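The letters A, B, C, D, E and F name the chains in turn, as written, and every chain counts its residues from 1.
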Amino acid sequence: MMRLIIEPIVRAALLEDLGRAGDITSDAIVPAGARVEAVIAARQPGVIAGLEAALLTFELAEPTLRIERLRADGARVARGDVVARIAGTARGVLAAERTALNLLSRMSGVATATRVLVDAISGSRARIVCTRKTTPGLRTLEKEAVRLGGGSNHRFGLDDAMLIKDNHLALAGGVRPALERARAHAGHLVKIELEVDTLDQLAEALEVGVDAVLLDNMEPQTLRRAVAMVDGRAVTEASGRISPDTIAAVAATGVDLISSGWITHSAPILDLGLDIAC
Amino acid sequence: MMRLIIEPIVRAALLEDLGRAGDITSDAIVPAGARVEAVIAARQPGVIAGLEAALLTFELAEPTLRIERLRADGARVARGDVVARIAGTARGVLAAERTALNLLSRMSGVATATRVLVDAISGSRARIVCTRKTTPGLRTLEKEAVRLGGGSNHRFGLDDAMLIKDNHLALAGGVRPALERARAHAGHLVKIELEVDTLDQLAEALEVGVDAVLLDNMEPQTLRRAVAMVDGRAVTEASGRISPDTIAAVAATGVDLISSGWITHSAPILDLGLDIAC
Amino acid sequence: MMRLIIEPIVRAALLEDLGRAGDITSDAIVPAGARVEAVIAARQPGVIAGLEAALLTFELAEPTLRIERLRADGARVARGDVVARIAGTARGVLAAERTALNLLSRMSGVATATRVLVDAISGSRARIVCTRKTTPGLRTLEKEAVRLGGGSNHRFGLDDAMLIKDNHLALAGGVRPALERARAHAGHLVKIELEVDTLDQLAEALEVGVDAVLLDNMEPQTLRRAVAMVDGRAVTEASGRISPDTIAAVAATGVDLISSGWITHSAPILDLGLDIAC
Amino acid sequence: MMRLIIEPIVRAALLEDLGRAGDITSDAIVPAGARVEAVIAARQPGVIAGLEAALLTFELAEPTLRIERLRADGARVARGDVVARIAGTARGVLAAERTALNLLSRMSGVATATRVLVDAISGSRARIVCTRKTTPGLRTLEKEAVRLGGGSNHRFGLDDAMLIKDNHLALAGGVRPALERARAHAGHLVKIELEVDTLDQLAEALEVGVDAVLLDNMEPQTLRRAVAMVDGRAVTEASGRISPDTIAAVAATGVDLISSGWITHSAPILDLGLDIAC
Amino acid sequence: MMRLIIEPIVRAALLEDLGRAGDITSDAIVPAGARVEAVIAARQPGVIAGLEAALLTFELAEPTLRIERLRADGARVARGDVVARIAGTARGVLAAERTALNLLSRMSGVATATRVLVDAISGSRARIVCTRKTTPGLRTLEKEAVRLGGGSNHRFGLDDAMLIKDNHLALAGGVRPALERARAHAGHLVKIELEVDTLDQLAEALEVGVDAVLLDNMEPQTLRRAVAMVDGRAVTEASGRISPDTIAAVAATGVDLISSGWITHSAPILDLGLDIAC
Amino acid sequence: MMRLIIEPIVRAALLEDLGRAGDITSDAIVPAGARVEAVIAARQPGVIAGLEAALLTFELAEPTLRIERLRADGARVARGDVVARIAGTARGVLAAERTALNLLSRMSGVATATRVLVDAISGSRARIVCTRKTTPGLRTLEKEAVRLGGGSNHRFGLDDAMLIKDNHLALAGGVRPALERARAHAGHLVKIELEVDTLDQLAEALEVGVDAVLLDNMEPQTLRRAVAMVDGRAVTEASGRISPDTIAAVAATGVDLISSGWITHSAPILDLGLDIAC
């Protein structure tokens, strides 16, 4: 991810923690010249994401810190694995520590949760995709974490693809008028996906033509019939009631994509810590 | 929370979703004049937080929407409870829907998780407090959600109180010099808390004097001895390895506070949805 | 366009003109209570765009102004047609005048230029599309102006669709590897367009599969052959050396789209003025 | 121009193009380590402006790029002339390419248009000046482009000089009261210019005293009489109906300045391109 | 002053005081529904400035407050005079109180200090002007306060007029080359002032021509000779060692302007307070 | 102070002075390649503060300047002492000069004023503390200047400590309910201070318990009785009618703190200048 894009996020996160007066504890206790060496290590196994943002936190807090990346974003780590080393003024390291870990552990949590789902359907043709149920302000980083965990991205916002939902259908008066209006307004590089609740809606959508269909809250046998009906004419996405336990059955229906809000809205963090040698 | 403080967060969240072109699906399909009535309802029981921010999302998206708050932030809700009603242009409602729900369900998740811990220690004197392990950019809202869930706030950042940790002790050369430097630099309205790993450290801290002690990763019997040693001379905070299962035993030791990073860094969202009547 | 999206642009434009001290001429000469009625009128025929932004300029400069929109964005106007009426304090009207007209005349210029090209190919199946050669900072408004002029939008930026150009092909080692890498990385709602200079490249692209092809700088007879080769399997876009004189010949080749940078990077403004009755 | 002033403009322009996800085409296709050499070359003759901003675009996109400026802002170039060389990662060059060219070609268009008018009146005493009819958000860069093209700047905004127009006269009750109020309020470093439509107004203005007069929409013979009346007591500026064809006749009247909105609001870009050697 | 210009200053000032959590004292103690009436009253005589900004502070903190302005900016007040009334929620009033008073008392301090100097030279032809020695971030408000106190403004920044100082002369090689370069580069609405230390420099400047001369640190008799030499050909400004005691002697020399840095960099505040009736 | 915190303040201050066009005088007169050496020297004795911000001003204006700090923030200087040396392009130095001096002289003024009060009570146990009567936008820098002058900081804003004032007492119905509500809502790291006007209020406050008491506008003999009543159970702060003449008598009463608004709201600047050797 380009630094230009993530720097405003990191800078704001750091300033949120520093407040008006900065790290008053370290300023009082730690001599200005004191130096430390620190490592960021995993406290549990998982997939790393957000490392670039975390290391930028240290750099913004104190440009003279020496920062060494030992693992790449996307790497699988075991408990105890060291992902980066930071050396320099103790004040600089301590001022950035919490913000850096907040970014890193949260994004690694998203990547790890994604990887759990990806692994649960390995062998199938399906891919895991995210949703727009992301943390306000962190969508770009979370979408990247999903990719690093082996998933694929759904649209990034309301403006880069059309997703026609039940309310749109009600307001438009049905599948056909909704799809026709969508096609008439969409630029040639804008894809259109339609959420369908029934196989009748699906049939109508296929008649009109659509890039992708979101098969919402369907049982595996219904999904299987839907996939057969579509027969390659659109991308198929299963959605709703997805859990690590049930996902394999969904994948077995032959859908192309399985979307999960959980990987971004409710994934627990991956525990990572900073160990300092003074 | 004052609108002046939360508006920048809500505005940024909305713009993150709208991108450059706004809600292209609704602009294509939904007539400009179409009007809807919508309700926000809980899909599972919990505690509401972030409702003010969520409703501000609708207002910023479309100032002409009529917005009615039916439950207050902090309210306990059951599955199906309606917390707010929004009426007006369909385009306005649809443009704000996802961002509003992202804010509301995330903050309600924090409040609900806090409440689970608070309930687990009801009857004890202990209170639940949060940490600085919050979502970058959302600390103010999450700290409020903790209060709404019945918890209490730890410091808001590096600048509003001193928290002396193991690394500070190592860099200062021990408990006494660290506390003395802290006291010498702290303004008269700045409290000082010290993290201790052993009862020896605790004894030294009490000798010098300190406002609060963070008893890190101690077994219940050790906590009990620590509380006895402190004997009201400082606020006692237990930290580390806190889970809904173990927390009652910690509370029974007599500590004043039990801190939890989990309520902000890993709480699952509370499921809330928007139901539209077109 | 949602006000939330355009307000920052309008606010910045107004502050750029007001500088540190505001409208010192009117503050010196015009009594604070003086009131005027003003109309915005076309000085030449064309298509209106940017009217929403222009009227927001007046509102931001002075919230008490009464503003009446007489023509909609997208309307064709003749010389002398009045598009809006503004009444209220003279100072408010004069402070906003230049900024409002700068926005309105520039966007109307883009819409009018687009309409010229659209009209030149009426009867054909081709549509006019814009490029990323827009004014820095005004892309959202200019893309909308293109639509208002009857054109269609190309991608909005580097992030919402893939456009593979000659340099990408060179760096990837050819059409096939480039398309395969693109497909492997693209989310399911991301379209892929490929720029081709030769019919051999086109053949290879069609073999691999692609959503759209940009036929760059081809003579009409080559375009015709390309369209035949594509035979509906991809959207076809003609690009390069497009002028009002030559565009009909290009449209006659049967391409789906004709792209023009000129409509955004070099369109002259549409002359509109503010007439004040004091 | 100081970097501090232009960096916010360039940064915003680049982020407008990068959107939320950055250059997804290059990220998918171009290896992270691939390096290129590129040159920016003129595709038609003209005057260079905005080069500093264009090169800053590359630097902000990728700080490790090596950037070599071969021509200065203000230089006249022939078709094929290379103005800068950039070498480094292909991804960095490609991410900045379009934004850099948009800034450079637009500003060079303004400078070139200015130069056309300046050349058309060479030999006369008149100078070309710009207006406030600039692109919203780009005034500072466009004013500089005017100077680079050989023109001179009018005021930068509403706050740095007074320009009394017809509406001010109507609201003040005539030339004398308007000028007297202006002089009473103006700081000693603020100049006052008055727009006059008739020679009677001019006579009254000269009686009261004024720094400059804008002679609006006057025929050459009227301009000549106006210049004679002024007789060096004020700067004279001719305005309205200026075109490359008519400007020499206006210059021949002896006016000091000829103002043109066209050079900033409707100048076509100067065609410049980026050629990459992979 | 237009609200658009001062709102960002007021908003930032309020947020600086509110921090992350807002007014925690009032939120804890004052019921949400409690209402108060408050008046802003002068605790000492002086001239009011910044009232618009102060009242905007209340409005931004709580839009439902009723705000009544009883005195205008620029009014002279006696001890005890009430300048505004605010009524509404106690929380709203208390949250804005300190920020509003900080703005009001500081600007009124500038206006009052200016008025002291203006009164000290009443009867002379001289006017008091400010300098660029203003508070970082508050220049626009302080320049206005100077006007409200009866003074006049010097340039607003480095970009709206030329002021040639001793270092410029040294770098240019003397008065003549400096003035000639300045004139060659200055737009026709840019005035040029020259700082002179000696009458020889003054003579050279008058020969070349200049709009204003800053007579730096000259004794009254030297100022008198300088004024005689200038003889109306330029505006004369005396500067340096100005105090309320010595200023009358300076004014008596016949200079047009006397500049004072003290009125903006060292003026004590005017004491104003908020009295609340609960 | 961390650069991340002060850079936005310095950048905004510099842009406020540079305006749209930058330093037009130096750009016209001073050759781009001209180099100077400059020193910042004290024109009067005092305490230095804001030097870090001042030197950052030069760095932001022109990154190639060589900057040497000769005295530290907090240093006492005599008339003529040189505090820093800057060498490099004349244009860079001149563009930053005024903004740098505005920051430095203002903060040094605050530090020097604080030091005057601190020295006036040397030998007593009392410390000088500041208030929230700071310059809007500069609170962080002014709070630091107070510390550099030997003073101590009061709370930074409305959110980092509770200060219960007379209006809170009136709205809460007395000292006891106010303190009880405050304690119930305050986090364990938030201190509570109560403003008391009478010894009866003080007695009630001590009964309930409070961290600090602000003894407002009390005569020395009353302060002495208050200190005796408190007897170490709370921090005592004297406030109101503090001047260099009366402060020793206040300090002699045995209070812990004496607060002064004057040191931030009305301290004159410390005169420092830039001497350039061209």
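The rule is simple: contacts are C-beta pairs under 8 Å (C-beta built on N, C-alpha and C of every residue); 3 or more make two chains touch, one makes a residue touch a chain.
Note that this is a predicted model, so its numbers are computed, not measured.
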Worksheet entry | Shared chain contacts [subunit E and subunit F, defined touch] | A, B, C, D
Fill in: Chain pair among A-C, A-B or E-F whose interface repeats that of D-E, sharing over half of the contact pairs by residue number
A-C
Worksheet item: When the C-alpha atoms of subunit D and subunit F are each averaged to a single point, how far apart are the two points in Å?
Response: 44
Worksheet entry | Approximate Å spacing (C-alpha centroids) for the pair subunit C, subunit D | 22
Practice prompt. Indicate the residues of subunit C shared as contacts by at least two other chains.
Written response: 16, 18-23, 95, 139, 153, 156-157, 159-160, 163, 190
Item to complete: Pick one for the touching-chains graph, please: line, ring, star, complete, other.
Response: complete
Item to complete: Using the touch definition up top, name the residues of subunit C that touch subunit B in the complex.
Response: 1-5, 139-140, 143, 153, 156-157, 160
Practice prompt. Could you please specify the touching residues of subunit E with respect to subunit F in the complex?
Written response: 9, 12-13, 16-31, 34, 36, 90, 94-95, 98-99, 101-103, 105-106, 109, 132-139, 156-160, 162-164, 167-168, 170-172, 178, 181-182, 184-186, 190, 262, 265-269, 276, 278
Worksheet item: In the complex of these two chains, what residues of subunit B are touching subunit C?
Response: 11, 14-15, 18-23, 60-63, 95
Discussion item. Under the stated contact criterion, what part of subunit E meets subunit D in this complex?
Written reply: 129, 152-156, 159-161, 163, 187-191, 193, 211-212, 235, 237, 256-257
Item to complete: Please name which positions on subunit D make contact with subunit B in the complex.
Response: 16, 19-20
